[in-house]
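Presented sequentially are two complexes of chain A, the first with chain B as partner and the second with chain C.
Moving on, here comes the complex of A and B:
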């Protein structure tokens, strides 16, 4: 009986969360659309100017031509435009490029997201794990040489932005010592399959991943340190010591597991933030990711692509929020059994 | 197979151990001149000052005193487990094994210390409510503790043993073992901690205010269980409390602590009868009596001293109704005032003989 009620509560909770997530996405779609309309100027007028000077035709004619070529009419009623946009969304079309009808948001995501996701998630998990160990160790061995060294590392690494680290790494490892490749995702000469290709991909990812991680490790370590210091004051740590449990087990099973609980939420949220990619970083390493594409289309004022990408990124964040709860309940039994 | 199982449960582990209080006067632990300081950057606080204490084998000894009098500091020194920045400055803690050999707790290295902890002296903590790791099941706690002390322990050994010690504290092991700490009530957690303290069959259990967070009914129930364990297994107990009525009801010996010092030590009955130190007298008078007038209850005036600015001479002097100028000259020593009875008051009036 109890199981049935709790199952009922659980499903009801889940559906409520799902409904809220859906409403959030609808709002994001509408506001994303409106915000772009609020931006001063529009691509049709800009393009019309170009056409007018290039082809030496009157503005009216150029504008009509531009409308046709860009497949976009700024004079149309805003509700009609919104309606068209939503209609497209409902048919699984996130948007088509204004200038090049062969480029769609869907294709952009399929082609570039995997690369963005690859380097940024590898560096996120790498820095999370290193940060967790570093932070808990700093808290356990307070005032030791290790803590001082770690703190200075955090201050130095945190005060330099990640794209500058990228440049430093390129200079040191790519130009000076020529150990790692400085751009791209793999050698174009290679076959698109097999172990050699995979190794080559990892080889190319080394520098960008390192550049991301150098900065992120510090902030994970700091939050983990704060959280661990809190846990160290808890009675169960003292009780474990009194039971004769060796230090190694206390750090692993008591300190680290409890102290990382609050960090898992931020991990999942950071993961959601990865889907946009970092425009600067990807440009520096000339890495074919979504961030690089986003900034390129932003420069070209390709409205349809921009609003499609924004919607997609929000969708991932909303989805991640839903996932946070379930991951969290896996490590914290208090949540697992009570909701 | 079922029958064997139920037989095991009817005979809890305590029955296997014969009570062995040893010859009277024999100690489980002898504390000699223990001084503990908490060292800060600019100053240090002496939380225990030359504490000497005998903990008798198989007996229940009380350590009485108000908050901040150094009870917990002394207790954690027994396991050499004082929380930083505290450290033992001087003094010895001598543990007497049953075969007559002695262990000096302060001289153990980390590995020996971990082996010593819990298998010889275990502890029920002040915050028993939060002494369990929230991400581990109850059984995991017991299994882990056994595994650390006896690496060959299997999970089913641990479950058997856990079942037995949980039945001593009247808990339904099969229901509880798979649960997480947050799923138990406060009284249940307290009993789980008591069961855990029995796990490795120690010589001494330290009970650090084991019932402060519980209501009086549960309190009484838990003390009855503790007394029963003490009687039937002969495990010595050191009870830290500020509840005089519990001391009177359950303990054999008692030590009264004030400002990090033992001011009186003796058999509970003797201490209550003679009250050989004015502080003890004050403590007992401050407890409402069930039969006497409420007016006879007298609180002790003043407040406990700041450990950083202790008065000259006797530390209790500023609050002592019997104090005169001779008390301010030098700090009195702990002297014998009767058989097995010590007091730190220099006034002859308080001495039994």
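Moving on, here comes the complex of A and C:
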């Protein structure tokens, strides 16, 4: 019995987090459900129209079929509808297109998420690494020319949203100098295998990755600079200097590693934010990712797909928050005691 | 009570103004912002915009007649930019005001009240933080047809208060435990006194900096929605200009580069002004950075 209470006390923070995460997930699902209720028009009728013309069946029959396929019946009581909807979600059914029965959210995610994650995670990790080095250097050599230059870069790069950087890059490298391709993920003429294909994929990803990174490097560098300035005031840095340890080793082993720690948390959370992709960036580069699909289905007013995609993105964010919080509570006992 | 709050606020503001004016970043950023505000207020009067199209004068290079050249339908780019600035700035300003009010009130209530109120607001904040904002903005933009700056600002601010609210709650939480608030409690001073004379001055600079940063995000968001063509109510809005430039193939036509880059540069200048002003204010007013 004592073992159980002590286990509970140690992991109490985690259970609380789990409860909050679960509650948030339920609310997110309810929000997704209300989205369909809020939308103009009736999805079942729209879908029934499609089925009627497609299969040449009478409207009543088509409507019954539509209700069944969409897992949604506007004639039932609202709580029953919600229950059915959540039941579908628990079985991994995120939703089906209102216009084309062969398109489901699960299939969309399977087909387009890899491309989205490819360009966005490459740019996230690239800019994280560059930003870490830039930020720690800025903090170490404060008030130098390097810091001034870096700060100017950060202000200018941060002033233009990443999708506009995308347009600028297309204009400069794609149209003026014709160095990089500006559309799609790879040449359709190429075979779907081997090194040439892989190189072609990387070649096509160059501009989108650059556009993401230009802006992100600046914000990582800025956080790293702030974190490093905090670490520089700590005793062990003074002690290391007093012992005559070479500067390079202080920066590499003492400063950067310690200042990086809080940023790893934001890295994990930013990673969770990538799962939706960026509608604007992917539309500008015509890159077949989830974000581009999202805006395309948005334009077609296909709300079931939209609902499913939003739920998917939110689930990933809630999950990442839970994981980060739990790991943090394991590492840092101070968090366990507070709240 | 309110009057005393204002007099003390004015005294504090005068003192802080001196600090702010000695910060070069803040002065430069403030000058850029002021320029845009003046442009939005007086620009359309000084440079009236003529929306009549003219096939013969499309994609003209910049010259005496057209300072920034002409667009794909032969209209003056510079005047469009000036005309559009009014809407862009109105949207940004309104979004900021609504977001700040929502975020501050909810954060303060949550931080001061505690208990069940705090929990409920916390869960709602969590929900808003878990659902990504830009996709939701797109959905709302298609649900409610956006036809004027006010509804655009409402849509934008609906999903941007949560982070601010959480930060303000945390600040109130730490301030509440500090001695000067505890003393106020012991002296039995009214709740209004504690909120307006003790807490507000302490978070005012934080709110001000957030005000500027939210304006900046509002411009990124509104231009993005317009570029996807989901809220094209005002053809001279910078985002709508970019959409037209993109759709008319300005990326591929070298002569059209002025039409494409004019709105980008305008957005960049505005954002730069807001970043500099916010950083400068942070340096000047944030007590933690002054050590």
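Simple rule for what comes next: the second predicted complex is superposed on the first by the 259 of 339 C-alpha atoms of A that agree within 3 Å, B and C clash if a C-alpha of one lies under 4 Å from a C-alpha of the other, contacts with A are read in each partner's own complex, and residues count from 1 in each chain.
As a convention for this text, a contact is a pair of C-beta atoms (placed from the backbone, for glycine too) under 8 Å apart; a residue touches a chain by one contact, two chains touch by 3 or more.
All values derive from a computational prediction rather than experimental measurement.
Engineer: Given the touch rule stated above, what does A:147 touch, chain B (first), chain C (second), both, or neither?
Structural biologist: neither
Engineer: Let me test your reading of the model: by the given contact rule, A:163 touches which partner, first (chain B), second (chain C), both or neither?
Structural biologist: The answer is second: A:163 touches chain C but not chain B.
Engineer: What is the contact status of A:73 with respect to chain B (first) and chain C (second): first, second, both, or neither?
Structural biologist: neither
Engineer: Applying the document's definition of touch, where does A:244 land relative to chain B and chain C: first, second, both, or neither?
Structural biologist: first
Engineer: May I ask you to name which of chain B and chain C touches more residues of chain A?
Structural biologist: C
Engineer: Which chain A residues lie in the overlap of the chain B contact set and the chain C contact set?
Structural biologist: Dual-contact residues (chain A): none.
Engineer: Note which residues of chain A are touching chain C in the complex, please.
Structural biologist: Within the complex, chain A touches chain C at residues 20, 23-24, 27-28, 31, 35, 38-40, 155-156, 158-161, 163-164, 167-168, 170-171, 174-176, 273, 276, 278-280, 283-284, 294-295, 298-299, 301, 306, 309-310, 313-314, 317-318, 321.
Engineer: Residues of chain A touching chain B in their complex?
Structural biologist: It comes out as residues 234-236, 238-247, 249, 253-254, 257-258, 261, 331-334, 337-338.
Engineer: Would you mind writing out the residues of chain B in touch with chain A in their complex?
Structural biologist: 76, 79, 81, 83, 110, 113-119, 122-123, 125-127, 130-136, 144-145, 148-149, 180, 182-183, 196
Engineer: In their complex, what parts of chain C are in touch with chain A?
Structural biologist: 123, 126-127, 129-132, 134-136, 138-139, 142-143, 220, 223-224, 227-230, 242, 246, 251-252, 254, 257, 260, 264, 267-269, 271-272, 275-276, 279
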